[in-house]
Structure formats: C-alpha cells, structure tokens
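You will see two complexes here that share subunit A, one where it goes with subunit B and one where it goes with subunit C.
Up next is the complex of A and B:
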C-alpha cells in the first residue's frame, strides 16, 4: 500500500487527468466500432487497416513536411480504404483466402510505411517509436485554446472522432446490425451492405489515425478488438454488448494509466507506457470474461459439466443398486463393489453415496448400502427408461442388441416421464427389453 | 415440352408479364470462369408453390442468389412481376440457407423477425413498439412466440427455421425465395412449415423453394423446376416429376431410394 501511495504522490490532476481523458476517448471511440469488426469476423481487416494507414501517414509527412492533422488524416484514410479494397480485390482475383490476402496487403503496406517513416524522420520532427507505440504521456503538453480553455489538441481530435463514431453507431445501429448479421437481406431490402461496410471501414481508418498519437499504430488494434471481444463473451444481446464494451474500454483506460504509474514502482522501476498498460489491462479483462463469463465462460461451462457428470454418476449408482436388488433382494453392496462396476473413482463415489444418503434415497449400515422407498422409485424409473430405450432402439431404430446398451445408458439420464410415456406407447406390446430383462412399471403396485 | 419455346411464347404474351412473379431468361452464372448455371430460362406461375430440385452442386442456391442480384450474372435477364429485380425487390422475401447464418450472433428470435421490417422502418429510424408487435404476431403464426427472447443459437433447428420463416412473413412480399427451409427440421416443424406455405399460397403468394426430399415433392409442390446446371425440365409436378426426368437431373448417380435414405439420415442427425 505504501508503494501505491508513494507512486500516486506524483499524481498530478492536470497531467494525469488529461492522459486518462485521452485514453478513455480513444478506447471508447475504437471499442464502439470494434463491436462490428468482431461481429463481422473482420477483426483481421481492422488489424490490416490500422497497419496499412502507416504509408498514408508517411506520405502525408513527406508532402506537407509537417505533422499538421488534415493532410495526415486524408492520406491515412485513403490508405485505409485502399486496404479494404485491395483485400477484396486480391481475394476475388487471386483465389487466395481472406486471411492470406490481408496478410499480403497489410504487411507490405506496413513495411512500406515503416521505410517511409524512418526516411521522413530525417526531415520532419517525427519519432518512429511514437508512431508505433503512441505518446499518450505527451498529451497535456500540446494544447489548443478553445473559448479560453486550454485543451490538449489530441483530446479535441479524439472527442470529435468519438462523437462521429457515436452518432454513426446510434443512428445506423439497425443497419449495422442487419448488414453484419445478414448482408444478403440487407442488400435485398435496399440497405446496401457494401456501402455500410465501406462506411465502417472509413471510420475505422479515421479512428485509427486519430488514435495513433495516443496508443500508437500497433496497440490501437488491441483497443478495437479486445473490449468488444470481452463484451461478446459476457452477453448475447447486441445492445448490452456495445454498452459493456464501452464500460470495459473505460476500465481499461483508467486502470491502464494508473497501473502504468504504479505497478513498475512495486518492482523498483520507473513508470511505464500507459498505452501498453491499457492494452495489457484490456487483455486481462478479456481473460477474466473468458473464464468467468456467465454463459460461455470456461469456468461456468466446467462447473456445469461437472455437475452433470455427478448427477449421472448418482443416477448410475441407484440404478445399479436396483439391478442388484432385482437379482438378489438381500444383497447389500458396499462402496468398493459399486465403484468397480461403475469404473468410478473413490472420492466422487464416496461423496455421492453420502449425498444420496442425505437425500434419503439410500441408507448405509457399516458401509453396506440399501435403497430406500424413494430411492427405489427413482431407480426403477431410470431402469425403466433404460430398458424402454433399448427396446425402442432395436425395434424402431433398427440397431443390433449388442450395440444399444451404451446409447440407452446415455439416453436414460435425459428421459423424463413424458418421454417415457411416449416410448411406452411405441413399445406397448412388450414388458421385456431385448436382453430379456423385465421393464419395470412406472409406479410400483403393492 | 420444349422449355425455351414455352418461355418465349409466354414472353410474347406481353399483357401478362406483370402477373408473372418471376421470369428468368438465358441466365448464366460463373465462379472463376467456371459456369455454375447455364442458359437457365423459366417462368413461374403466380399463386403456386414451386419446388426447385436437383443434386448437390446443381446451382440451386446460386440461382436464387443470382435472381436477387447477390452475385453477378455472366449473362441473362431476371424479371420480377415484369420489372427488373432492383425495381421490384420489395415484393421479394428471402429465407436463407441455414449454413449461411451466424447462429452465435447476439440477437434473439424477435430481433431476427424485426429485421424483416427494417425496409419499411427506413434508414436511421428506430424500431418502434408497433413493429415489435407485428414481429411477435408473425412468431405466433409460426408457433414459436414463447421463444421470442431466446438467443438464436439456443433454438432448435426447427425453431430456427420458423424464425426465418416468420421474418419472411413480416416482409409481406408477393414472391418468396426459400433456400432449403426443410433442412434439419423435425417432422412436426416440416408439417407446420408446409401448412404456412399453403396459407401463403391461398393468400395469393408465390413461393420458390429449394427442396431435397424427393418423396415429398408431389405432396408439397404444384410445380417443379428440375435443375442440374441447366433446367432439365419445368412444369406442373404431375407432368414433369417423372422417373426419366429425375434420371436426367440426378444423372443416374442417385436412385430415389438412396435419396430417401440420405434424407432420413440427415433428419435423424437433426433430431
């Protein structure tokens, strides 16, 4: 804690405040558009465009011999749109798949841009490092006067871009949704999907140019893709996904800057790159979303699967006990015997036996178990499902008697009373399964 | 019946072209200079259910896409109620092939159906309550209103297909193009879809349906188009759905029985 306060003692509301504002503006502007890149499975195209604007920027430096914004914007946006066009074109003519064609286009353009930037650096005050990694820390130093307020130039530019993106997404939400989900329907109902595609790509290029001074040409890809991808893991509604991506983007920006000036101090280093930490934070948020997401999260899926496995094992235990009783009513199996037949491990079997005892389905004396009345009812229904299925599979699905056991074994756990009744209707003429075992009745008659 | 002659004679009957839901003339489509469909010509009668049948790779989906200008035509002409597609596209509704849909997209069934109304709502304007209500009605009509708020990957194959059918219904078109609406649906859904198609027909709509199950063709369709790169034959089911024509269409590769087994297998997989 001491280290944190020590690091934060150098906190300067003016400097750090503006840096965070710039970070938020940039990450929100990119995340808004990024949602549609992710949904269209075009994250790679976003990547390609952000890389390929580099020669556009460099050309603008050469021509205007300055870092003034307008020529840069124009040059970079043209390069970005050309990338989108080239990619389509190479894919159409070259019989190369989309990933490869983008790989060709954007690495070549990026390399060209890099060569030009390094050349330009000799003539113009331009640091290739800044272009690639951004210089968000320098944000507060370059200001413009607006209505007597001294506002960092980057903040002004990013605010305008954010406003444009926000208007675009809000105004064309319906059209973006439709053309992302079903371009064919969009086009056939008069919302030209190609037009919307290029509008989106143009804004991606503009946003990437506006962001290169803050997070740089490379890290901007992370800001486009990672918060929306994390939001995608957390919800299955488009509106919520967009809102969540914005929230995650803000968290990434704020946490990114704070950890950039604090975390390295814990290890005795000076503060590190804010843009880098923003991307790292976004990455961590994605990992968290992937692990703990409510529906697709790895953890939830694992837990759900584990519960299902336990439920099935518990059902297998009582069904087995029923079959043992069927053969020899006096026999009481112990845990070891059950385990050997079910091929289950000691720990889950032991836990489930205790669970079943608590549930009142079995009783145990000296380690030997017996079904209770409730347990027997439950078990009978399982065995009934199993044998009805076996009968059905042989009679109606034409499977041989040797192969049906495993399938019936799976199906019995997912068969409710309603389904059993339907099965019973189809197998009415028999009370034996194909192996000759009796099919027990739904209700035990005394 | 000679196809090109019959379509030409229809064409000369100029007064009726506005009544012909779809007229395709000399249509050729090629991917990478390799033709997928050749010189396809046919007119379809209004107010009928029309099946397009043919083996895999016969160009059935390509034909529908070319009709809707989704892929470029190498040559030929398509007319919808006597006008080029672009002038009359609001009269055409489309049900896509299930493989072409991104089922993980964050939308629910109601959203998907509402998309059929976007054209009517217009650019930039928001979806209003009355639009949602109409989408809901359509979902009720296809019998899945209870699942309106489910994300589409959580619907069964049959429910998914009904969702897209409901979307076509709200479009309130006169000609429907459907790419395998019966693929991967259970028997109950198939019946429900046929029922809805019949109702649409009674309301004077025309539906052009890509179909795979040869056994049900005579039961479902009034009119069939047999396609295998070229139109093998087209006309009333009773006239053209003959073993000889099927032999020509499927090139002897598939017997009826094999086709039926194939369908059974696919349907079982979908259950």
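Up next is the complex of A and C:
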C-alpha cells in the first residue's frame, strides 16, 4: 500500500487524466468493432491491417512530402482497406486458406513499408518504433484549442472515431448481427452482406490508424480481440456482449495505466509503457472471464462436472444399498464393501456417505450403513429407472441383454418421474427386467 | 521438378530486372533533396563481389538466410496444411517478453544479458508458454483458433513492450541491442550466428523428415492418426515446437515481424505447384532457400535495402508468380481448364440438340444427313444467336458439322458418331435417374444435362451393364418425350416451358 501511494504521489491529474481518457476512447472504439471481428473468426485481421498500415504511411509521406497527419491518415486507411481486399482476393482466386492469405498479404505489405521507410530514413525521422509501441504518454503534449479549452489532439480524433463506430454499430446492429452469423441468409433477406463486410473493414482500418498513435500498432490488436473475447466468455447474447466488451475495455484502459505507474515501482523501477500494460490487464481480465464465466467459464464447468460426478456417485451408493437390501434384508454394508463394488476412491465415498447421513437418506452405526425410509424411496426410484431402461433397451432398441447394463447405468441418473411413467407404459405387461429382477413400483404400497 | 526449379530461378530474377529498370528511370540526381530516394545503380564490381561471394560477410549472410529459408519453408508447409499459418506470427510476438525478461534477469545476476544463449532460451520459454496458452484457450473455451492466436499475440507482446520499458531504465542495460530482435540485423550476422541457424535449422529439417509420415497423417486426418495409436498431442507439440525453434533462430536473421512470412509465403506459393505433400515441402524448401539467397544478395548489392524486408519481398514476388502461373492450381491454369470445359459443354449441347431435332423429325432413319435450320436450333436452348453461331463455327473447324446455304447445318460422319455417343450417355444417365434415384421423368433432362459432360468412360460402361442388356452400339430411346414440334422452322415454339425444359 505504501508503495502504491508512493507511486501515485507523482500522479498528475492533467497528464494522467488525459492519458486515461485517450486510452479509454481508443479501447472502446476498438472493442466495439472487435466484437464482430471475433464473431466472424477474423480476429487476426486486426493484426494484419495494423501491420500493413506501414506502406500507406510511407507512401503518403512520399507523396505529400510532409509529416502532416491528414495525408498520413488517408494513406494508412487506404493501405488497411487494401489489406482486407487482397486477403479476400487471394483467398477467393488463389484458393488459399484464410490465415495463410492474411499472412502473405500483411507480411509483404509490412516489408514493403519497411523498405520505403528505410529509403526515407536518411532524411527524415520516421521512426518505426513509434509506430509499433505508440506514445500514449505523449498525448497530453500535443493539444488543440477548442472553445478556449486545451484538448489533446488525439482525444479529439479518437472521440470522432468512437462516435462513428458507435453510430455504425447502433444503426446497423441488425445487419451486422445477421451478416456475422449467417451471411447467406443476410444476402437473401435483401441487404448486401459484402457491403457490410467492407464497411466494417473500412472502419477497422480507420480505427486502427487513429489508435496507433495512442496504443501503438500491435496493441490495437489487443483491444480488437481481448475485451470482446472476454465478453464472449461471459454471455451468449450479442447486445450484452457488446456492452460487456466496452466495460471491460474501459477497465483495462484505466487499470492498465495505473499499473503501468505502480507495478514497476514494486521492483524498484520507474513507470513503464502504458500501452503494454493495457494489453496485459486486458489479458488478465480475459483469463478471469475464461475461468469464472457464468456458463462457459473453465472453472465453473469443471466444478459443475465435479458436482455431477458426486451426485452420480451418491445415487450409485444408495441404489447399490437398495440392491443389497433386496437380496438380503439384514445385510448392512460398510464403506469398504461399497467402494469395492463401485470402484470409487476412499475420500469422495467417505464424504458422500457422511453427506447422505446428514441428508437422512442413510443411517450409519459402527461404520455399517442402512437406508432410511427417504433413502429407500429415492433408491427405489433409481433402481426402477434402471430396470425400466433395461427393459426398454431390450424390447424397443433391440439390444442384447448382456450389453444393456452399462447404458441403463448411465441413463438412470437423468430419468425423472414423467419419463419413468412413459417407459412404464411400454413395459406394462411385465414387472421384471430382462435379467429377471423385479421392477420396483414408483410408490411403495403399504 | 527440375523444370519447376528452373522456372523459379527465372522468375526470381524478375524483381532484379524490375528494380534495375525503375532505378535507371528514377536515377536523375537531385542530390540532397528530402525526396531523394533513388537507389544508385551498383557497378559491375558490386555485382561480381556478391555473385562470387567474395566478401566474408556476404558469404555468411547469404549462407545463413538460405539455410533459414530452407528450414522455414519445410516446417511451414506442415503448419500451412495444419491451418496454422499464422501460428508463427503469434509465436514470434510471444517471444518478446521472454527476451526482455531473460535480459533483465541475466543482468540483475551480473551476467551479460545480451549473449545469444540467454536471449534465445528466454525466447524459447515464452514461445512455449505462448503455445500452451493457445492450445488451452482453443481446447478449454469456445473461442476459435483465430481468437486464441490474437489474444496470445497481443497480450504477450504487450507484456514484452512493458518489460522493455523497464529494460530501458536499467543502469547496466543497453536496450538498443534488443531492438535488433524485432527488426532484424541480417547485415551484421557473424559466423557463429550462421552456424547456429544452420545447425538448428538442419536439426529441425531432420526431425521433420524422420517424422514425415506421422506429421503428414497429423495434417490430413488427425482423428485417424489418433485411432491408429499415434500420440497426436505429442506430435502437435513437436510440430509447434519446430515452428518455435525456427521462429527463434529466424528472429536474428529477418526480425520478429518478418519471420512469419518465411513460414507462410514459400509453402503457400508451393501449394500452387503440387497436390502432393512431399513435393509441397520440397518446393517450399527450395523457394524458401531462393528467397533467402536472392533477398540477401539484393540487399548486399543495392545500398539502403534492408535484407529482412528484401527477403520477404522476393518471397512475395515468387508467391504472386506461383499464384498466377502455377500448375496445377494457379489462377491461369484453372481459368484455362474452365474455359476448355465450357467449350466442351457447348459443343456437346449443340451436337445433342441437332441429333434430337433430327430424331424428332424422323430424319435419322436413312443414311442421308439432313440439314437442320440454325433458327430451329436457336429455339432449342437458352443460348444467344451470336453464341450459337460461335459454337457452330468451332464445331465446323473440328470437322463435326458442315454449313449448308449459310443458315443450315449438317452432320459430318464424325459429328454424327460423336452426337450419337453424347445422346446415348445423356439418356443412360436419365434412365439411371429414373430407375435408381426415383426422379420424375419430366425432370431428368435438366439433371442429366449438368452431368453428362463429366461422365467417365468407366461410369458409362457400368451404367450400360446396369441399365441395358443390349450392346452399347445401339442408341437408347429417350425415356421422356422430346418436346420438339415437327416442322417448326419458323419461330412458333412457345416461349414458356421451352423445348428443353
């Protein structure tokens, strides 16, 4: 905490405030479009376009012979759109796999740009490092005067881009959604999916170019991919995904800047690259979302599976006890005996026996267990499901009596009362399963 | 194959020629201007110096980049078939934090952080971490490959940039050398670098040759490989490990960002020349070697051309040439094949139309070949009159038809035999559709129309034994009524329905 305050003591609301504002604007503008890139499985196109901007910049510089921003901007956007076009062409005409055609296009354009820049480098300072790493720390220094307010130029540019992207997404949400999920259907409903595609590509190029000044060429990709991917882990609905990705992008931008200032301090260094830390925090957010996402989170899925496994084991235990009772009403199995039959491990079996005791389904005396009335009801239903299924599998699915036990063992855990009644209708004429064991009734007749 | 190689050699010289032309045109000396970007034309002794490898430095660089191109081309062809072309991209970015961290750690332990083994091991470790993350994201979440690559690429690179920000503040550190990992410093390659590239590259190639069968199986049918008991995950890891090794040794030569192109472009270009994986990897190896060689040679001859970028551009020009002229998958050859097929289809349509017209008018019974009015043929299919004239013209050149009085056509002997065969095949297929596919007889004509042109002789003979017990010389009767009205030489056929529907 001490270190944190010490680092933040250099906090300057004017400088750091504007840096954070620029970061947020850039992240949000990028993440908005990124949703559709991720959904269209074109996440790497952001990367490709941001690399391929280089020759556009160089060409614009050669033509305009200045480093003023407008020609550079236009040149870069054109190069970005060309990347999307070339990738599509090589994929279509050359029948090359999408990833490979992207790889061919953007590396070639990048190499071309590098050659062009080296030609100019003797005369002018056109630093590729600046393009790659971005200089978000320098944003507050380059200001314009609007209504007497000194506002960093970058902030103005990014606000405009964000506004355009927002308008595009809001106005064409339906079209974007349809053409992302089902381009063929989109075309049949009468609007041009290709047009939407290239509109999206154009905006991606514009956003990438506008952003590379703030977060740097390569880190634009982080904002294109990571927040939407994290949001995709959290929800199944497009609208929510977009909103979540925007929120995550904002969090990544803010915490990114703060950690760029504070984290290196812990190790005795000064602040490091804000752009880099923004990407890293976005990555951390993604890891969290991937682990703890409510429906698809890795951890959640794992826990759910574990609980299911336990539930099945608990059901197997009481069903086994029912069968033992059926054969020999006086026999009380101990944990060891149950384990040997069920091939289960000691720890979960012990825990589940205790759990079942607490639930009042079994009672244990001196390590020997017995079903209670509730437990017996529960177990009877399971055994009933099992034997009904066995009967059904032999009668209607044409399986042989030797192979059905395994199937029925699996199905019994997912059979509710309604399904049992349906199965019962088919087996009304008998009360024995194919192995000759009686099918117990649904309710115990007193 | 030898022919291919020679063609490539010629093609790869094209950029030379183009550049020379551009230079001599743009050379007028406007010396100190800001826009002076002319490349001064090298003199003969420069050419000689490079071509005969007189300089020690040139020798080393060309040798190193050639070896690198070879190994990258070979490994890359497996990666391409595995649809992991951009894996090299993600991995080459993912090495940056490892490089930076290795430098920081080594320096803080008082070692020289800029020695190659330190940086390479750092790069290898974070590259492997990158692979693991990609596989984890792909296998455990519902995100696809592309998103996994994008995430790993950007987050790792971001971490690397942040770490470099720290390196720059270190008193002992001179971060400048690390930059060369990103942009490449081919020109300053020394003998030990070339040896490293050579030995590592050759080892990679050797491994992939030893595992050739397994990797091929992995690329084409992962499930089958698994069912045959091959350790698929291990093989996948080995393949990606090879990509990492090649990427890392390549960082030295062409730089982080351009390394991917050596992994992607030569295999993608080779794909246009072959359908066999053995030739694919062979051609990719050759192309990779050539682009390494020519690119660095050009960079040595012309001042001011960075060798990394030149290698990529040479590879790109080879790719473009392959894409356009490649046999059997290039654009031109496919266009040509399609064109030929279209002509064949047109010719067969014409012959069948004439035959069916004659048949409908009972003009086939005697041996005289009756002329058919072109105006009637025009009614039979939805073809324009100009196109029809064109087709007839070509059929005449092939000696299938003769024109009579300018507006009628007549079979030659050859044409009649050919037409009989086509009609026979058409009807066989119709019969098959009716008998075995339960297609209504009123609909079979259109289906048979589409497929009759591509039936192989074996299929025909099988259809014959399946459908007819008669000898194949006899022409089948049409299984549906031919809707050609007798004597409709004036355009009296109703538009709706059409004769051929």
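Throughout what follows, the second predicted complex is superposed on the first by the 441 of 446 C-alpha atoms of A that agree within 3 Å, B and C clash if a C-alpha of one lies under 4 Å from a C-alpha of the other, contacts with A are read in each partner's own complex, and residues count from 1 in each chain.
Throughout what follows, a contact is a pair of C-beta atoms (placed from the backbone, for glycine too) under 8 Å apart; a residue touches a chain by one contact, two chains touch by 3 or more.
Remember, predicted model here, so these are calculated numbers, not experimental data.
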Should the superposition on subunit A be reported as showing a clash between subunit B and subunit C, or a fit? clash
Scan A:270 for contacts with subunit B and subunit C and give back first, second, both or neither. second
For A:150, decide between first (touching subunit B), second (touching subunit C), both and neither. neither
What's your read, subunit B or subunit C touching more residues of subunit A? C
For A:190, is the partner it touches subunit B (first), subunit C (second), both, or none of the two (neither)? first
Look at A:177 in the shared chain and tell me whether it touches subunit B only, subunit C only, both, or neither; answer first, second, both or neither. first
Looking at A:298, would you say it contacts subunit B, subunit C, both, or neither? Reply first, second, both or neither. second
First, second, both or neither for A:142, with subunit B first and subunit C second: neither
Contact-wise, after the overlay, does A:235 reach subunit B, subunit C, both or neither (first, second, both, neither)? first
In the superposed model, only one of 7-15, 43-51 or 97-105 in subunit B has C-alpha atoms clashing with subunit C. Which one? 7-15
Touching subunit B and also subunit C: which subunit A residues? 41, 95, 232
Looking at the complex, which residues from subunit C come into contact with subunit A? 34-37, 39, 80, 83-86, 88-89, 93, 137, 140-144, 146-147, 149-151, 153-155, 157-166, 169-170, 179, 182-183, 257-258, 260-261, 263-265, 267-268, 271-272, 304-306, 308-313, 316, 319, 323, 329, 331
Hey, which residues of subunit B end up touching subunit A in the complex? 32, 65, 68-70, 89-90, 92, 94, 96, 100-102, 105-108, 111-112, 115-116, 118-119, 121, 123-127, 151, 153, 167, 171
List the residues on subunit A that touch subunit C in their complex, please. 38, 41-44, 46-47, 51, 62, 65, 90, 93-97, 99-104, 107-108, 110-112, 114-115, 118-120, 122-124, 128-129, 132-133, 216, 218-219, 221-222, 224-226, 229, 232-233, 260, 264, 267, 269-273, 275-280, 282-283, 286, 290, 296, 298
Touching subunit B in the complex: which residues of subunit A? 39, 41, 95, 171-172, 174-175, 177-178, 180-182, 184-185, 187-191, 232, 235-238, 240-241
